[in-house]
Amino acid sequence: MSDALLKIDSISKHFGGFTALSNVTTEVAPGERFGLIGPNGSGKTTMINCVSGLLRNEEGKIIFDGKDVTDLKPHKRTGAGIARSFQIPRPFHTMTVIENLMIPAEFVGHHRGEKGDDRAEAMEILETMGMAEKADDTTLDLTQIELRKLELARAMAAKPKLLISDEAMAGLTGQEVDEVIDILFKMNERGITIIMIEHIMRAVMRFSQRIICLDAGQLIAEGTPEEIVKNKDVERAYLGSTDG
Amino acid sequence: MAIFIDLLLNALVIGVLLGGFYAALSIGLSITFGLLDVVNIAHPTMLVLGAFIAFLLNSTWGIDPVLAGIISTPFFFVLGWLIYQVYYNVFEKSGAESLRGLAFFFGLLFIIEVGLIIQFGVDHRLVEAPYIGQSWNIVIGEEIDVAIPFRLLVAFVVAAIATLAIHAYLTKTFFGRAVRAVAQDMMALRLMGVDPIRVKRIAFAMGVATAGIGGALMIIVLPIEPSLGRLYLGNVFAIVVLGGLGSISGTLLAAVIIGIAESIVATFFGPSWAPAVSFGILLAVLAFRPEGLFGKTAGAH
Amino acid sequence: MKYTFEIICMLLIVGLFVLTQVVGNQFYFFIGFVILQYMVMATAWNILGGYGGYVNFGSAGFLATGAYTAVALINFLDVGLVEQMVAGGIFAGLLGLATGYLTLRLRGVYFAIATLALAIILETVVAHWDYVGGAAGTSILPKRKPELLGELIVDRKAGIFANYKEYLFFLMGTVAIISVWVARYIENSKLGRGLNAIKDSEEAAECMGVPTLRLKLIATTISGAMMGVAGAPLASYLTFIDPLSAFNLEYAINAIAMPMIGGTVSWAGPVIGALLLGTAQQVSSLWIQSELNLLIVGVVLVVFVIIAPEGIIGWFRKSRQGSRR
C-alpha cells in the first residue's frame, strides 16, 4: 500500500510522564472505511487529535496524500483535505446551521481557489443529511442527533478527502445510529475516505472494511471486522483482564 | 559585602513573611477560581473591603484588627453566598459564555472600589495595635542583623493558621473532599446524593469569607487605600496560577516565591518596582507555563 | 446603494466640521471629545472582545501607549498632532501584536488577566521613565507651531478652527467615524466571520480551516492600534499627563461596559453604548462627584450583563424577530 492516503508512521505522544500513544504505525487506503476502536483512555482521541493537528506527536511522522503534514497546523491540514467531527459537538453556537457550514466553505474552499455558490453547496450537504429545513435555525435549537449530523455536515463542507468521525453516535438510539451510519456510507460512496472512531461495536463492525484496536496507547490488533472479533488481545483489552 | 548580605538576608526573611501573608490573600481565590472554576476577579477588592471594615472597627471601638477580621468573616460568607446565587442563576446554569461572567465580576470589583472611594476617600488608612510599629532584631554577625517587624510576623502566623486550617478542612472532612470533587466530577457527587450546587455555593462563600481575615491582615501589614485591590490582583492571580489551580500547598509555596521575589526587588531596585514583579511573573507563567509550576499535567489521571 | 454607509460617514465628518464652525460654546467640544474617544475605545475593544470573544482588561494600557508615544514625540521631535496619532497607533498596534504573541496560548480569563498584567507592568515602567515625566507627570502645551494641517488650521488669525479644542474634537470625531467604519467592515468580512467562529469554539474553528492564530493577531493589532490613536491626543487635550490619568481604570471599565450595554455582536453596539453611557457620564459629572459617576457605570454594567445579555441592540433584534413570528 505505497499509495496510502494517510500514513501514520510510528507516532508517539506523551503528556508529562504519561504515554498516551506509543509507536503507532498504520495506513489508510484511499476510499477505505477504516474503524478505530479501543477501550476508554486507550489513545483513540489522542491519535486522531494528532492526525487532525490539535496535538503534535513528539515522535514519528504523519503523511497525508503524499505530503508530510506532521508540522502543519490543523487549519492547514483541513486545507490539505483532513476534516473531522467532534465527539462532544462544538457548533458555532452564535450562528445558524447553514452559517456553520459556510465557515469551512469560505476558509477552506476559497483558499483552494474554488469559486462556487457556498450557500447552494451547503444546502446540498444539509439535504443529504435530512437537515435542510433546519438551515436557518440557530444551533441552540437542535436536538442531540441533529448536533451530531451538524458536526458531520460541517466537516463535509470542508470538502475533505479524509473524514474523521469521532464517536458521532455515542448516546444515540438504535435507529439514530443507523441513520448516521447511512450518512457515512453515502459520503464514502462519493469517494471520501472515512475513519470511524466508535464505541458502538455493532456500528463499527457493520461499517468498517478494516479496523485497528488501540489499548494503553499501543496498537494491539489490525484486520477485518471478522478478524478483530476473534482476536484474543482485543477481547482481553475490552474485558479488562489486564491490571487496569 | 556585609551590607549586601545584610540586605539580602533581610529581604529573604521579609519575603518569606510576606509570602505567608500573600497565601492568606490568595487562598480564597484558590478555592473559588482553582477548585470551583468561578473567576472571582473581584476577590482582591473584597480583601480591601475587609481591610476597611477592620479599619472601621478598629478606629471606632479600638477592636484589635485580627479580631475585627474574625468578626467580619461571617459577613463575607453571606456576601459570597449571595453572589454565587446570582452567578449561578444568571451565568452558570445557562452555560452562558464566560465573557459575561467576567464582565459581571469586573463590574463588582468596580462597584466595591468606587463605593470605598466615596465612603473613605483616596487617603491611606492605618490601624492601631500594640504590635504595629515594633520589630525584633536578631544580630547574626558584624554589621549583619535581621529585623523582623511584628506586624509582618503577626500576619504570617495568622495567615499560616488560617491556610493550614483550610487545607485540613479540604483534605480531611467529607465536605472538603466534596468541594475538591465538585470541580472534577459533578455526576459522581450527584450519585452520592450530594447536591453539587450546594457544595459550590458553600465553598464559594467560604472562599469569599477569607476576605474578612485576609483584609484585616492587609491593613496590619500596610496602609490601605481603595484602589489597592487592583494592585493585588496581580499577586493573587500570579500565586494561584503559579501554584497550580486549586492546590492549597502549591498556593502556599507560590506565595512564598512571589513574596521573596518582591522583597528582593524592592530591596535592591526600590519598592515602586514591586507591582511589576508579581505581574511580570504572572505574565511569564501565563505565557510559558499556564499549568503552573506545580500543576498537574493534563491527562495524567 | 453600495456605498450608502461610506457616504453617511463622509457626511458625518462634514457635519463634525460644520459643528466646529457654528457652535461657539467650547464646553461642548470639551465633553464631545471624551465621548468620541470612548466611542473609539469601545469600538476597538469590541473587535477583539465582541467578535473574537477575547476580553481585554488592559485597554487603558493601549490608550496610554498612544498617549505616551505622543509625549515622547513632542519632546523628541516636536511633531504635530496628526503625526502623533499615527505614531501612537503604530506603537499601540505593535503592542497589540506583541500581546497577541505572548498570549497566544491563553484563553478566556487567562487572556483577560494577562492583558491587565501587561497594563500594570507598562504603568510601572512609565512611572519610572523620567523623559516622559515619570510618576509625577508632565505638562504639554498645545502646539502653536505649524504642522501638517496646522498651518492652515490653528495658527492663522483667520484659521479654519478657532482654537485647539475644536481641532481636537474634529480629529477625534474623524477617528471615531473611521473606527466604526473599520469595525463594520471587519464584521462583514471573512476576518469577522472567522473571529466569530473563534469565539464560539476555537478548536472547531481551527479544524474547519480558520487560521485562528493569524486572525487573533490581526485582531489584537487592529484593536490596539485604534486605542493608541485614541490615546495620542490625550496629553494635548488635558495639557498634562501622568500615569494615573493615562492608565486610568475608567478607560478599561468603559471600554468593556459600553459594548456590553450596547451589544457586542455588531458595530452599532459600542456606538450606542458610548453615546448613552458617555453622554450620561459627562452630563452627570456636572452636578455629581466623578466617583459616583463611575459607580453608576459599574452598576449599569452588572445590571446589563444580568438582564440584557445581548445589550440594547439585542432588545431591538428580539422585538423585530418577535413581530416576524
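Labels for the chains are A, B and C, by order of writing; each one numbers its residues from 1.
Convention: a residue touches a chain if its C-beta (ideal position, glycine included) is under 8 Å from a C-beta of that chain, and two chains touch if they have at least 3 such contacts.
Predicted model only: the values in this text are computed from it and were never measured.
Novice: Is the C-beta contact count larger for A-C or for B-C?
Specialist: Top pair by contacting C-beta pairs is B-C.
Novice: Would you kindly say which chain has the C-alpha centre located farthest from the C-alpha centre of chain B?
Specialist: A
Novice: Mind checking the centre-to-centre distance between chain A and chain C? Centres are C-alpha means, answer in whole Å.
Specialist: It comes to 43 Å between the two C-alpha centres.
Novice: So what's the Cα centroid distance for chain B and chain C, whole Å?
Specialist: Their C-alpha centroids are separated by 33 Å.
Novice: Using the touch definition up top, name the residues of chain B that touch chain C in the complex.
Specialist: Spelled out, the residues of chain B in touch with chain C are 33, 39, 41, 86, 90, 96-100, 102-104, 106-108, 110-111, 114-115, 117-118, 227, 230-231, 233-234, 237, 241, 272-273, 275-276, 279-280, 282-283, 286-287, 290.
Novice: Going by the contact rule at the top, pick out the chain A residues touching chain C in the complex.
Specialist: Listed in rising order, the residues are 52-54, 73-75, 78-79, 83-84, 86, 90-95, 102-104, 106-108, 110-111, 154-155, 157-158.
Novice: Of all residues in chain C, which touch chain B in the complex?
Specialist: By the definition above, chain C touches chain B via 49, 53, 55, 57, 102-103, 105-106, 108-110, 112-114, 116-118, 120-121, 123-125, 127-128, 135, 249, 253, 256-257, 260, 264, 289, 291-292, 294-295, 297-299, 301-302, 305-306, 309.
Novice: Which chain C residues qualify as touching chain A in the complex?
Specialist: Residues 190, 193-194, 196-197, 199-201, 203-213, 265 of chain C touch chain A in their complex.
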